[in-house]
């Protein structure tokens, strides 16, 4: 079980500078805008958890709330900041960049913000990518564009080299917008800096289009992603319904977690089957997927199948042999299912019109829709506050409708998944009326 | 302080029928899909609240979770259901209707569902509106349309007459989709039925485009509403920036709560001022709104002002005299501000191009966007479970990422508002950089 | 050269019934709503064509204008109509169906309209698809859905059997909404009916998402198609610009004609290369496509390539051997180019990030956007007038801003293509600044 | 009747410089990309016009085609260009600016392009607006924004002062993007320059969201405008259908021409009445609008009325007295109809729910949709060619699917209107089934 100590966010030292945000708070009757240092957010909220474990109330795991502090660590107006975006595209990256620059500039007087280009590679001089200045003019309208104006790349770089570069440039706070691996990388940078005794704050803003990072409520870009994904399900449905024995098969993102598949299917209202990594299924047999699909097509004239890219990986291992290397590479479940369905109908001698859609890039590259846009700017504000307050080796998250600080160790300790016995999956089962077990 | 007793949902009697949802749950390893009757959701979650009040853990206020029960009250397949939509339009009404019909039909075998037309008036025979049959075919695609296929109307009707009508039609469960007033009306219907000893379940699904009903997390349609509202702010911004000393003034919904104004402004990124009912402001004087607006226009060449319809009501009372009748009618703050700004610039002898937008109906009438679509179907599922389980005089809500049952008395006890010292308003202040106090 | 005789539309016989549209026209000052039988639309309009060929003005090829006739052939109110949709999906099918039903019903009192299901197969009893009644209630909102409510299928059916079926059902007018092949099929049906001396009107409404049918101005659904296609180019661009040496490769529809590729690229503004069937190109060599692409990537850091599915077919024949059978099947130019580009960069030892998008179904299945919606309803109105007036073996088209009647023989005589020396292709060259010749 | 001489575009002098576009054309087999100086586009195309007037074929009115010339007037690479946007916003302004800058830069080597700010006021030094440099970087993504990055203003300025300023800045070509009045202003500038013997080319790109400028086919932004307008009609319809005796009343743009109202109504499919300036109507009496509306509401339960802002002006003159000044100001027909309808139902003692929408700014300010985006870039290309070729005192237009040059005198000689006896209005009457005469 997670303990209070695990959740303690590292702090570089004493906060000695008056926060410029005083102007928003002094005039108000209460001081509640400021976060009281003794305030904590409960880590979990169901009574029975508390009761079952007999933990005293005062020792319950709690998280530090995000938000502006009265005293900040870095001197406003004299702090230098770097921003880097890593990994695959996700709607909202430019909103976060814009939000950081605006918040630092407007409220902390921090005008010296640079963007490192093309992911962590931009922190390694050998690649030759010069950082670019991020002014408020430069970022004013970037939220209308998808992608990231900084460019991105995958893969790790040498932490010592990156810290050398940060020192060379005089960076005080580094904001890392990236996924699982990049957040681990941020933790290594923080560790190297700590080892050298440097006052370098490293703040992560978790990015995962699959929504599989824990402790952050919903990840930014996720709502935009399933909104666009639902359009592909609609397209598949139109194609299926316009054909004789039409089957629309849509492969969506979701390597380890089926959130996009579940939400997009619920939003669309018309999916007949949702297949996700968390819920295994068999193809053959009376209670298998193919027989269930055949029954649905016979009943309704057509069917729509939504499959997350990480679903049914065991099926391909069984038939095609397991992967040789240690690093497991995902089999192409979409094409595998397409072949299986076509083969099934051919064996039956029945007509079939299957249309296969895989809308990956057209989802990742769109600008953030309104909700995500709001969420990104607020995440960026919370991140700016955390960095200015001298926090490090943490990410900003959201829990119980509050922004929180989460140590990176905790964030990368496990993945967020669709609980097969939780209410989201139940909603999907209720909506699709697919067999709960296809084994 | 709210006590445990206040939160207790009324229950018609013992649940004796096996739930047809057993098929989704029996095959799984755990039984967690079913809600344990002893399970509770904490009413509030910050440790200091608990600590300050010294309430024993076991007596903390908790809510009953939503979801399917193993035993249900009404006999599946032999239950008759009515649905009514009341009050102003809100994105998602048809999604909720569709979700109820689908869930009841597919999972409880309830095929006898009728829709009452034109709000509560449809429950009063004198109006002559016959209820319409809601089959799965009829509702299959209604989510693509805005509005409500049942029609709606405002205003209360005689509860005794409505209960007579429900009895006449043999209705077991009445789902009321409506706002504050309509939910109170639902409670009266439940009370009359209770007084007569009838086994009538009345379940509310709170509808408020302003997001001002408490205990339901976000109200359905709210995200769609602020997404569309943000487009009007964008239009105002384009007009303002294309003109000499351009001011874009956008009046949005929000009689008592400024949520739409706050979220739409954050989503748009470019608002310069947000004015909401919860935060009073003065027009004149050095620190008043007009001077602040003038400074911003001078600085940036243009400005965008977002005002909720309930904002600044005190200003109009001061100048135009208070309202005579008891029922306070809102003054038109948009037109009032327009005149004030135009007058201010005329007095200064400066050029001004003011464009005023008030996009009310074009927001209320759109189909729900993806997130709200998901939320509506899940709310409908939870409502169907509650009704079938024999709950009554309650609404379905969402709290701490769980669907919950909330007694109507509690729901109508106060309004949800933007806390002037909360983090949402702080985000708005950070984003607009408007003066925190304009007095 | 096309002669006047070629353009003469067949007419079943004398028009003896007063048109019910008289009410729209009688009250007006002029009679111009009615089409004068002597009126003709010039087949071509540039003076030099006339001058070069010395054709007398009175013998210039002209088309019969569409629109309501004062006298119609079929008796209003006692006519029976059938509608069939054939071939691949295209935005606007349901708009045309709706338009036909509404026009026939409202203005000609024709309430007996049936829809044949699943293309021409629905006209062949052996397939067992019963026609469905198309009432105004049934079609009222179908324009909000993509696809066709009638279903569709590809392939021809026996004309004699189909005419038997039409006679059996008492159909007077058959509207065929379909492509090249289906329109030929419509002509065969008309010929069989003519051979039997039947008063059967067969009116085609040309459907081609590729816009490659001549004499119809722009085909319905085309604007919607390139609007949606432009979004994929935008996605490819975002992905390309966010990566190191990023190349976005988008394969669009266009078997014989590159219109969608050209318009989508112009709409998007950011394509670097457009490859279409009408303009051959070489891959290798200093002036070939790969070298040009490499130069553009070096210059701008990334590039977007738009390729129509019918482009570069000669390249694949050269390398992979020609197709054995008579019926040429298209090679997969998208995947072919992907491999070629990846191979080219690998050979150079340079980094490359290529993202390949092929958005076919998500384009075909969307509801028609506003312009196409208008165009569909007007095409349907013109088709209804033509059918009621007893025209047959023709399609409705649009030329010089007028609706016209075009004999099917003429329509299928050749394809509409992007002229390599025309102003559309020049606009594309100007917009992309790609080398005009890559040989 | 328009004569050939009227259509002659002014030419500053002999074209002596080789066009840089040679690279696109030399390599091709034919020379057809170049416009032959003897080529002409027929001014009108119906045979009967020619026959009725007995005009010899060689003397038919024709227009000069747009497009690149082999020889251009201004020296590529050494030409200085100015751009100004005037009047109300219209979707596509930024697309045209971008298109001009890109074409001039990429194909004519013209890098010295300035944008005058805030309309013609930007050409008058006294206003103090400095022109801004328009580089390809600056304009690369401006098409994603609505409005005009140059700002705009209404009203004329002194032509002599403006020519002084153009001379001072060394401008060779001035592109004016504006409406009726601004195009007249451009002609005055050209006349002043001509009077001084200056080689100043003034090229207009007609802008009119109402589509009321003749000789340009469809005006840019028009399709975007009616697409967005159709959404307001949809909103009005949803509101009307959800209410008891619901009437949705939508006022759209269209001072003199009802094109937006007609197209938006056709696109939406569900309007019951369309009222435009070109077709007068009476309110009262058995055959008047109010009685017709009442019948429709009784029949269908609700109705949607679309009214162009210039419609029914005679009604208000009758009741409220004619306008005193010479410059006629439009009465507010929307509010007038609202009052009339409410009064009519009140007099009848019948329930009515009227919702009034007037979406002006939200239409004008959106970015251009795909079709308009294509059209704008092509118009800009044609304008750039015309300017470089030394044409002046003309606008670029489109006729018979070709870009053409039209002298300004001709363009401002009359307005484009919806012909009451033309096929567009007939389509509207067919679609709405409203009474053709409401007098």
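Read from first to last, the chains carry the letters A, B, C and D; within each, the first residue is number 1.
The rule is short, and it goes like this: contacts are C-beta pairs under 8 Å (C-beta built on N, C-alpha and C of every residue); 3 or more make two chains touch, one makes a residue touch a chain.
Quick caveat, the model's predicted, so the values are computed rather than measured.
Common neighbours of chain C and chain D, listed by label, are A, B.
Remark: among chain pairs B-C and B-D, B-D carries the greater number of C-beta contacts.
When every chain is reduced to the mean of its CA atoms, the largest separation from chain D belongs to A.
Although chain A and chain B carry the same sequence, what matters here is overlap: shared residue numbers make up over half of all numbers found at their interface.
Averaged Cα coordinates give chain B a centre that lies 42 Å from the centre of chain D. Rounded to a whole number, the gap between the C-alpha centres of chain A and chain B is 28 angstrom.
Of all residues in chain C, those touching 2 or more other chains are 145, listed in ascending order. Of all residues in chain D, only 89, 118, 121, 145-148, 151-153, 231-232, 234-236, 238-239, 241-244, 355, 357, 359, 361-362, 364-366 touch chain B in the complex they form.
Of all residues in chain A, only 23-25, 27-30, 32-33, 38-42, 45-48, 50-51, 57-58, 60, 62, 67-68, 95, 98, 102-103, 106-107, 143, 223, 226-227, 230, 263-264, 266-269, 369-371, 373-374, 377-378, 381, 400, 402-403, 420-423, 426-427, 429-431, 433, 436-437 touch chain B in the complex they form. Contact residues on chain D toward chain A in their complex (touch as defined above): 141, 144-145.
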